[in-house]
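There are two complexes below, and they share subunit A, which is joined by subunit B in the first and by subunit C in the second.
On to the complex of A and B.
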């Protein structure tokens, strides 16, 4: 108020009206986004079960989590998943977006089909793939029919740790790549075509056009999508929980599943919220990169 | 013209077509497999793969799942929640966005900054405490649990505000001269103008709510309140060996949204563009 910049000449502050407009949204935002963070923090300093508060625990829950090998193992599994899935979730959708941008006949059909798995529920895709991957399922049968596996051979896609990870990463790529693909496609369509035409006249082949025009133009978007994908993959839970249930022998149990099991199966809500909070801080650090990038991007947009 | 003709016939282009359509097959085969399996008589074994795609087909699996689980109820729950969440959250978000874009008030920057940082909050990481908050409010195991927490998402506010920023302030002034209050201006001018954004956000929110698994799975115990996604695992455990019945439930839960997707693709694509780039 006391600064009173010129653009306020027409109107002063309308705090009352603004409050009326803001309240319906903010009530939910505060109760279901902000309160859980602080309440969780409060719970994490107590011994707490589903029956309620059992007493103050200080830093005990945090110290316990830090010494808990299963906590670190689950974090490791999540990290491993991020490392395996991120390159695929960048390369596959990027390649598909290049195909869609190549003006083939039937590209609307192709786009629809490439994107379709993305709209299915995690419950649906999980149970479809459980049946495709089980020992007498579609994949093994197919591999036998085309002769890659012998008639009596079978691969245990979900029961052998290495194969289980491969399966989970491939399922996730199949399911979620469409989102990144559309983002890439939008980026590709923003590149002015005259740049390509000029390069073609100068004798640049398709590969050179990709390296010298497309990739530099897509740099920002590639960074953004990588950050978004890393964060999304860090939160992996549903498909692993449903397809392998974290098995075999907890070898694929992710951190979110471990937090869930600690809270609701072991009935240790205090410990569970302490783990949540530690994971939360790790994700915030990761997201901070996204936020910085995002801010820069939207400044340019305006 | 000759350029065009040679492009059509060239080997690289032909290869590109082969690659493009092979990838399309990989994307769609699991979905087709789900649908054809649901149409096979109960207890079918795999045998020859090609045979799965040929008749005889039957709808008796569908009849069976309707008889053995309250699947009609689950469908209504899913539909109800997936309609109510987008409607309420779009109304709330556009009101907030209007204030953030067109009304002067104290601490506006801070308020917007808080919402924007809300986008960074990883909901999955605080799901245990959300459960406890919902428990404290006594809304667990009810429609409130399925609807109210979903209204807290900040994405809609940020995107709609961006859109409102593009609408000139002069329009608000002109409406004021014509005797429109702020609320009427929002309702008569801003809402109609933002139809394309709202449509994209609506479809997006609809699909997200329809498919949501983790939160309904945690918050709902009563079978009558299940949504379709959490009803599917329920079905699985009872019929583990047979492939046809679980695939029938899967197909049943998916076909409606596949149809929604095919008709409203344009908006879904737009929605993704908003979240990623323009957001």
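On to the complex of A and C.
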């Protein structure tokens, strides 16, 4: 008897057990993700309302969406939000993780504090911020107290397009950066300390240690987080819908909100599904390009 | 041993999956499968079909009433069930307001519709067009509903091509609240009513007088420059000016960009632009409640919460007539019969109509919430006459201008609100704002 077949058998066992453990997940995945996606594709080629199928529409829904200026405007708003929020959602948590990775007194407490907003639901954070940002809210009162605003002045944080965008990006950063921060922290803790020690002995200062040790070691993680953040930001909906309702004058209406309104306010589920699919394809292309871009860079680097 | 364990694990997985699948498939029939405590066991469906008058009919009733409305409706249903013990039992289910119509439409599509439901008058067109609700002339006639006893203005919003699709439960117009104490201190209260001089100038002067005289921290008019309320006031003024119908006969052209539309918008815009009314009053109802606002434009539904506020001495009246005739924004809650895809049950329909009729005739209870009853029986009842305030704004139900009947009413209204908001917030001129409104509304209507 040699050992090889026994090994093989054991491996086979492992696969079997793995399959058993994976089955529940896949069952849910297929029933609630895969099937709806294909069903959605079917819906998108029909005129469809809440009452069900109303008839075949061919490519009409797609053609209408392509010619719909509101569709593109909403898509533009989502793109704008991604451009504004992604850098912040990477730089802020990265900086925080560097600080909180240092030997700091009470860092566990601080980590908890910075992560805390992340566990709150979108409804809670939205209403907290509505109260802060209202024209007679905390922020304006504070700005008046410290003399930045005059006594009779007030800023309409949620009613002027520019300020509304600033507010939404700040809210989102405050709310979601904690997750990225924890990811960065785990990444930092994986870097062996002897590399830093060796570099310090060789006379590298903190900046050089960051650029030549930390960043290269974190590269993979940075790529992953960038991609995840871009996707997450592209799907922005809840906080915008609750805080500004897409206003003023649809200036902050995101593509998801427009899809939602088309589906459930205008009762055009076929059209809204077609829009979702167009958006879905755009996200796939975007993610693909990101990975490709980052990978090419790594090929050149090595 | 190992083999057994594996087998057990596999078995439990299979069990899990089948339970999920069966849970999914059974939801669509859950209504029929649900045993009803009140009925003898056995096939409920067959039994109800062959039911004679002596047996009890149980119906489901969906509404979206939360807060004070919800508590009062629960009380009404309880009272009805007590009076009809052994004959009819109404099972009221309150659905979340944000999801109400989505749920109603999917329930109808799935064949699990409730026997009776509430709909807003302004939403009826969409439900009628989508075949979600069924005509009720025959059922109403059979159960002694006297259409002529209804306020005809309210009733007209529920008739489509001469067919009745709903029994109106109430009218809830936009009305005008005033804080008596603040006005009295300023000598602006005559016979317990605000002494507003006629015409737009009279109204503006009245606001100016309050602004000049009122103590610090008290604003004159609680009117937000965002959202629904300024649009509702605009609609009120547009109709006071005898503005033409919102849509043309074909239902695809929006007619509001005209002399009357501009005049109403300019008047409202002037209030904000000239600083007569403070912009962005997000919580004017709460501020009125706290005695920090002298006048307030709000729906009748705020009456009950104002009444229970300590130390708030207030009055209510229809929106002042600023232009040619009295008019205001108005909507109604109505009873509708959702379509039953799996077949109608005449007993249930009769029970549903009987309940709806009973509630509208006893609408004095419902008007505790502030709403205006729809039938002469309810309006002439002592219970209603004894209630304060309602008499003062009763006329608004007759003068109110309902939104036009078009299946796209709600989405185009959203667009109108947004476009008008652009004017109040100073982003667009009156002309641009109305132009934007027409364009975005027509875009939806042409689909």
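By definition in this document, the second predicted complex is superposed on the first by the 258 of 302 C-alpha atoms of A that agree within 3 Å, B and C clash if a C-alpha of one lies under 4 Å from a C-alpha of the other, contacts with A are read in each partner's own complex, and residues count from 1 in each chain.
One rule holds for everything that comes next: a contact is a pair of C-beta atoms (placed from the backbone, for glycine too) under 8 Å apart; a residue touches a chain by one contact, two chains touch by 3 or more.
Since we're looking at a predicted model, the values are computed, not measured.
Asks: Looking at A:31, would you say it contacts subunit B, subunit C, both, or neither? Reply first, second, both or neither.
Replies: After superposing on A, A:31 lies in contact with both subunit B and subunit C.
Asks: Go through the superposed model and pick first if A:193 touches only subunit B, second if only subunit C, both, or neither.
Replies: Once the two structures are laid over each other on A, A:193 reaches no partner at all.
Asks: Touch test for A:99: subunit B only (first), subunit C only (second), both, or neither?
Replies: Touch partner of A:99: subunit B, not subunit C.
Asks: Name the chain, either subunit B or subunit C, that contacts more residues of subunit A.
Replies: With both complexes superposed on chain A, more residues of subunit A are touched by B.
Asks: Is A:17 in contact with subunit B, with subunit C, with both, or with neither (first, second, both, neither)?
Replies: both
Asks: For A:151, decide between first (touching subunit B), second (touching subunit C), both and neither.
Replies: The answer is neither, since A:151 touches no partner chain.
Asks: Taking the superposition as given, does A:205 touch the first partner, subunit B, the second, subunit C, both, or neither?
Replies: The answer is neither, since A:205 touches no partner chain.
Asks: Based on the superposed arrangement, let me know which partner A:49 touches: subunit B (first), subunit C (second), both, or neither?
Replies: Touch status of A:49: second partner only.
Asks: Of the residues on subunit A, which ones does subunit B touch that subunit C also touches?
Replies: 13, 17, 24, 28, 31, 136, 264
Asks: Could you please specify the touching residues of subunit A with respect to subunit B in the complex?
Replies: 1, 8, 10-15, 17-19, 21-22, 24-26, 28-29, 31-37, 39-40, 43, 96, 99, 102, 104, 109-117, 119-125, 127-129, 131-132, 136-138, 141-142, 145, 174, 179, 182-183, 186-187, 206, 221, 224-225, 228, 231, 234-235, 237-238, 242, 256, 259-260, 263-264, 269, 272-273, 276, 279-280, 283-284, 287-288, 290-291, 294, 297-298, 301-302
Asks: Sort out for me which residues of subunit B touch subunit A in the complex.
Replies: 12, 16-17, 19-21, 23-24, 26-28, 30-31, 33-34, 37, 45-46, 48-49, 91-93, 95-96, 98-100, 103-106, 108, 111, 115-133, 137, 148-149, 151-152, 154, 157, 162, 165, 173, 182, 186, 207, 210-214, 218, 228-230, 232-233, 236, 243, 246-247, 250, 253-254, 257-258, 261-262, 265, 268-269, 272-273, 276-279
Asks: Flag every residue of subunit A that touches subunit C in the complex, lowest number first.
Replies: These residues of subunit A touch subunit C: 13, 16-17, 20, 23-24, 27-28, 31, 49-52, 64, 70, 134-136, 156, 159, 247-250, 261, 264-268.
Asks: If you look only at subunit C, which of its residues touch subunit A in the complex?
Replies: Per the touch definition, subunit C meets subunit A at residues 2, 6, 9-10, 13, 16-17, 20-21, 24, 102, 105-106, 108-109, 126, 130-132, 226, 279-280, 282, 408, 410-411, 414, 418-419, 421-422, 425, 427-428, 436, 440, 443-444, 447.
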